[in-house]
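Structures follow.
Shared between the two complexes below is chain A, which has chain B as its partner in the first and chain C in the second.
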Partner chain A sequence: MTTIEKPVSTPGPAGGGPGYQEEILTGCDAVAQSLRLLDVDVLAGYPIRPYDAVMATVAKMIANGEMDAEFIIADSEHSQFEIGKHASLVGARSFIGSSGVGWMYGMEALVVTSSLRLPVVALVGNRALDDPGAFGVEHNDALMVRDTGWLLYWVETAQEALDMTLMAYRVAEDHRVMLPCALSMDGAFLTHSQHVVQVPGKAAVERFVPQYDLGDRRLHPDNPISVAPQFNEDWVMEARRQSDAAMRRVPGVIEEAAAEFKEVFGRGPEDPFVEAYMMQDAEYALVGMGTVGMVGKVAVDQMRAQGKKVGFLRVKWFRPFPASRLRSLLGGLKGIGVIDRDYSFGSNAWGGVLYTEVAAALYASGSRPVVVPFIAGLGGREVSVQNMVEIQGVVEQHIASQPAEVDCHWIGVREHVGKGGER
Partner chain B sequence: MATVAEALADLSVGRRLKVLPLEELYTSGHRTCQGCESALVMRYMAKVAGPRTVVTGTTGCMYVANTSYNSTPWVVPWAHTQLGAAGSSALGTAAGLEALMRKGKIPREKINVIAFCSDGGGGDMGLSGISAAMQDTRYNLLILLYDNESYANTDIQASGMTPWGAVTSFTPSGTKKKISQHRWKKNVPALLMAGHPQGRYFASASSGFGMDLMEKVRIALDVGGPTFVQTHDPCPKGWDFDPRRSHELAILAVECGITVLWDFLEGELRYQGVTRQLVEGALKRRPVAEYLQIQGRFAHFGDEEIDYFQSQIDEMWEQWLLPGVLPATAIPQELELGTAAGRGRSEDV
Partner chain C sequence: MAVGSVDVTYRGIFQKSLASVITKALVKAARHEHKIGGTVQRYSDSPERNGIPAKQFAVIADEETSLRVEMAKYEPDTVVATCVLDDTLVKGLESWAWYGVQAVNASLSPGGVLLVVSERPIEELADWMPRADFDWRLAVLSRKTSFAGLWVYNDDGTDMEVLGALSRVTGGLVALESLVATAAAGSDAARRAELLESGFSSVQVAPISAGVGREWPYETPALPAWDEMGEGVAIRGVPKGERNMLFQKFTTRTARPVVDFDRCVRCQICYTVCPDEAFDPTPSGHYAVDYGHCCGCGICANACPVEGCIEMVDELAFSDNSDLHRIYEADPEGYGNLRQAALATAGGPVRHYGIF
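Let's look at the complex of A and B:
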């Protein structure tokens, strides 16, 4: 963390708000700043790149007395996530995180965290799954919890990382929700790249995120309850239905929290669920998650300059999936290209996870636009502006040629490498 | 009968357990098998821990058979944790309570944190997590491993702590292969003790000796820091014997020298009860056949297998430097056990 030479301070929103300080922070550092401001009680860390930078920053803040928390070095991700879960269960605000196969290693503990309805917050520094070993970004790690009751959000900038860490606790700990929340951040592209970030004051954060209160589910001698007894067929379906009901309440809670965020901090996005860039009069849209949004928006500017009515739609909340927002923004378009930084081998149209979700959401729209799946940027391969233009070209070609079957296109891949052709 | 407060006040370190609280903090509401010794261990554990306690329990018999929804035997707060999560659940619970107390979010007081696990959950899958817990001296926590020597609620599969030769659903005795369980039982309390020099207390106990077991649990909770107690619990379902003989078998295991009662506190290794009498020569070990032949899981044993089992127990008692604890049979000559000779700092030489 580096403070710029002359920190900029503002009085904040009208009425003498708390103000903020500008600092140059990486995505991981921005999350760490929020954890400090949120007075997180327990953090459990286990090494894996690239998410680990957040734990290193927090450990330093604790060592320097800037933050008061229990920091536990776990023996594995499974233990790490169980530590977070059980700290949360006694009423402590807790934080965990991981990347790639580390996130997968602790999957059992992640699943029970959501089924126990504990509002643990996690950072997933997106990383390709092994094998082969790779450090670069892919979204498959975080997406593995998409069906389990975790809230999932993809951030694009360090500022958004800081803001959404506050938002994650606010939404997760809301008594109508009580579900864990994972913030996904593209490995290297965001976890380790520096941005100028407005760091708010503690008072404002305390106003926005009330103290964590687990209520009558808190495990303590004064509240001697038994947590998670065995159910079987007698009650499991009802328990699942309760998690479903909680997830259904999340969009309303997000809207409420986003409005209050603006009130407290004097800024915030127009739409908390998606970022719609140049979409007002768009005929085409490119859709993606995470840092691909930056490239997408530059490409849109270029194509707009050439007279092409293209917009970019960045999906921010993935769980709950903003299906109705997508229908209203994309429903009437001519064509849509969905860029997945993930894979789902053998799925619908051989596409990725985001494609499947977007296509399913648009099936219920009045006019079903053409949706073409793309896979790009796997393992941290750069997705260029030129790639985006290429994608738009394929979408247009697809509309013109009207093929019988939709088929996924891999962008920026070397086909038939080595002897033997297809393998 | 003493009240809980009076009784527990008398159970501090170094004092023999003379009175017990009347109250039960693990009571009716479970559906463990007839003759289940581990349920008894839970009762002992909760009784001496007292009401200011938080318990987590891993998946296993003491989860599945104990806590069916709408019914719980736990009077103290209890939460399920995953099979390999005894150590991490204890760490998370203790760390959470410590943070909240330090920040004044809950009143400062001594709360016992106990995580129990089975031989499968603790000795196999959860060993790494328990090891991490034994290193973290910032927290007071007790890991209690109830050892019934198989994955008993799953269908009786062998664990790393199933005795050599025992029949389980994964280690059957067949016409071609008489012995499938070829692994000798893992010694978890000894490996934890040897590997975690800053752990505060390690003990091996038995469900057959309730007072000894309760003393060990109480010492663990009183000394604070990371502590570990293991109990040896006969299991009628998994070991295939008449449930009425559960307690008798637990005692027999100690009398045969198979289960060894010991603890380790502040640098001192101590043997207790029958084990101590065996060590001192006041009592002779009974033949292991007496123990093995009561159990269906050893019914396929002939003389050869019984002799082999006996030879291993004999070796432990006659060759090991510390029976039940240290398998070394010799030490370098220049080291004299029990003295500092030959082990001084270099400047002393």
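Let's look at the complex of A and C:
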């Protein structure tokens, strides 16, 4: 049915491609290394924690002569994203990024980047939206572009951050796609934690990611084009349908790129869309995105030791959403707990965004499993192994008690026990 | 009749308020008769450029269901009357929001009536009418075209006269008494009632048979399917020396610049100031107006330093957009006669024009 990925506690000696070396890097450093290897032409930046660590690393690399790029510090995220968009439109490989409300502030520039079909790559260091100005991780910032034609990926480790930066450019710049891609990285837990990372050599990267080429939109005096004219009801649907068609082509492009990644670098995941941990004989699954997977897999090991057939399924690509992969991996299970590190106040079952998407995907499954929504780890609160075990307990209890309504559970929130009654 | 619409066609921005007042008054009068109604402003025509053809329509229905079907549309289906607030619109309509030049009577239903506000004789207007494949009627309310300035409303009584005429020519889509009764609720009731009566009694009507009229020369461009379009909201540029033929915007024009090439000093000012780059350089050093792309703003005539060299002449003095400079080159004297004849037809150049 499915392939089990074994956890890798240390990177193996093999792989990394020709000329690779091992380094200790944060998630942000790992992205910066990829930007250097990809010879990115234009980087636009505006500082906000925690994404801005990538700015510092890139600035250092440019100052040290290790990287040659235009690094433009804008006056705001809105300008930053516009710079990235315009650079991309004149043929420069460009990079942008932000966190929390910074990402939100540039939203107008983000939506035009995808509607103009420009393969800008962004790093979103996930951060809680203001107020109260917390630095910690929530996924709501990156999720705000989920309906707009951005590709969205959630990384778990620094190695994955490095690899997926390469993959993001490869997929986004593919002529069948030409859509922007945002890599989401949990603030603090990955942006600022150091991991052992294999950094590949430049020749291998150049083999994997060809030169950026705008095709028939290339900037040249012999190729006069007009970009972004205003149009109305007699053209808009056709333009939207084009973006839809491009998004539908992405899974095929990802598969192709993932196969070639393995060929070039000698490593890479079995399944590029989701990470299915101990799912082969699982009766239950916990589902989440980002660093919650690290804890989730440990919890699964512990519960397996007690004889519970639990697996962890980490959603990696969120756009396009791997609905058919989820149906084949989760359909027919007894129960599923979806852990959202985000909120969508007032939504279905009062749950989060990932829950709504997973539940909708499984509605089309032949045997619909029980899916229970959970919200955990908001504002950078830690999600513990114990929390995961607790979640599994609630799922089992839900199946046993068969309540009339599905209702989201908040995990790790302080509650005044005596009061009770109200969710 | 369950539902009937009145399509009001007007010159963008200058007549926007007038169109709105007329359509709203129709609905108010219909309410007086215990009918239901609403109006639809062609939102995508907005923001309206000076003079660009635009539309607003009123729907009057006996009950809610028929109304609902008509309201969520850009073009109503059952148009019992089209009202044309500026007679130069008879040459065709092209809003900036759609493609292709529409005939002024294109939305009319069989048996419907086209009401034109114009001081021209009904026979002259009938001569401009595009042919339809059903019998219909042309009506004229003899009145000077009402142009208000930018944003403001010119309360010169046109609204009431048009409403009175509409009541008559639609055979009582709304009754004159209902219009008078609703007008009585506002200020200046006696004057308004008088104007309603005058519009009702003075409107002239001429029947037009199926197949009679001009052959429509414009084709609506076919729009590409989504998988035929360039991606990324990018369109091919117009090649050097060519013009955009998809949108020529000449139907915005109520008067056109006509050049007396004998007086022209070849100073290039018209060529430089034209916001639409409608002047083409010629080997003789003159600048020829491309009347397909001239929107008749009058900026060239205002900027021309030579007295009487560029004059704005009523659009209905010309039947098409042919290149006048070419006529001049072939036969300067013949061109001079043609120019004089057009000025005579138009009763001289237009002096107060557009924003000047």
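Here is the rule we use: the second predicted complex is superposed on the first by the 394 of 423 C-alpha atoms of A that agree within 3 Å, B and C clash if a C-alpha of one lies under 4 Å from a C-alpha of the other, contacts with A are read in each partner's own complex, and residues count from 1 in each chain.
Heads up, the rule we're going with is that a contact is a pair of C-beta atoms (placed from the backbone, for glycine too) under 8 Å apart; a residue touches a chain by one contact, two chains touch by 3 or more.
Just so we're clear, the structure is a prediction, and the values are computed from it rather than from any experiment.
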- Query: So, does A:Y363 touch the first partner chain B, the second partner chain C, both, or neither?
  - Reply: neither
* To do: Check whether A:L118 is in contact with chain B, with chain C, with both or with neither, and answer first, second, both or neither.
  => second
Open item on the list: Looking at A:W235 after the superposition, I want to know if it touches chain B, chain C, both of them or none. Which is it: first, second, both, neither?
Closed with: both
Q) A:I225 contacts which: chain B (first), chain C (second), both, neither? A) both
Comparing chain B and chain C in the superposed model, the one touching more of chain A is B
Both chain B and chain C touch chain A at residues 224-229, 234-235
So, in the complex, the side of chain B touching chain A is made of residues 51-54, 56, 63-64, 67-72, 74-82, 84-85, 87-93, 95-100, 102-103, 105-106, 111, 128-129, 131-132, 136, 138
Note: in the complex, chain A contacts chain C through residues 115-118, 178, 216-217, 224-229, 232-235, 237-239, 241-242, 245-246
So, in the complex, the side of chain C touching chain A is made of residues 44, 74, 97-99, 223-227, 229-240
Within their complex, chain A touches chain B through residues 39, 41-42, 44, 68-70, 72-76, 78-80, 82-92, 94, 108-109, 112, 211, 219-221, 223-231, 234-235
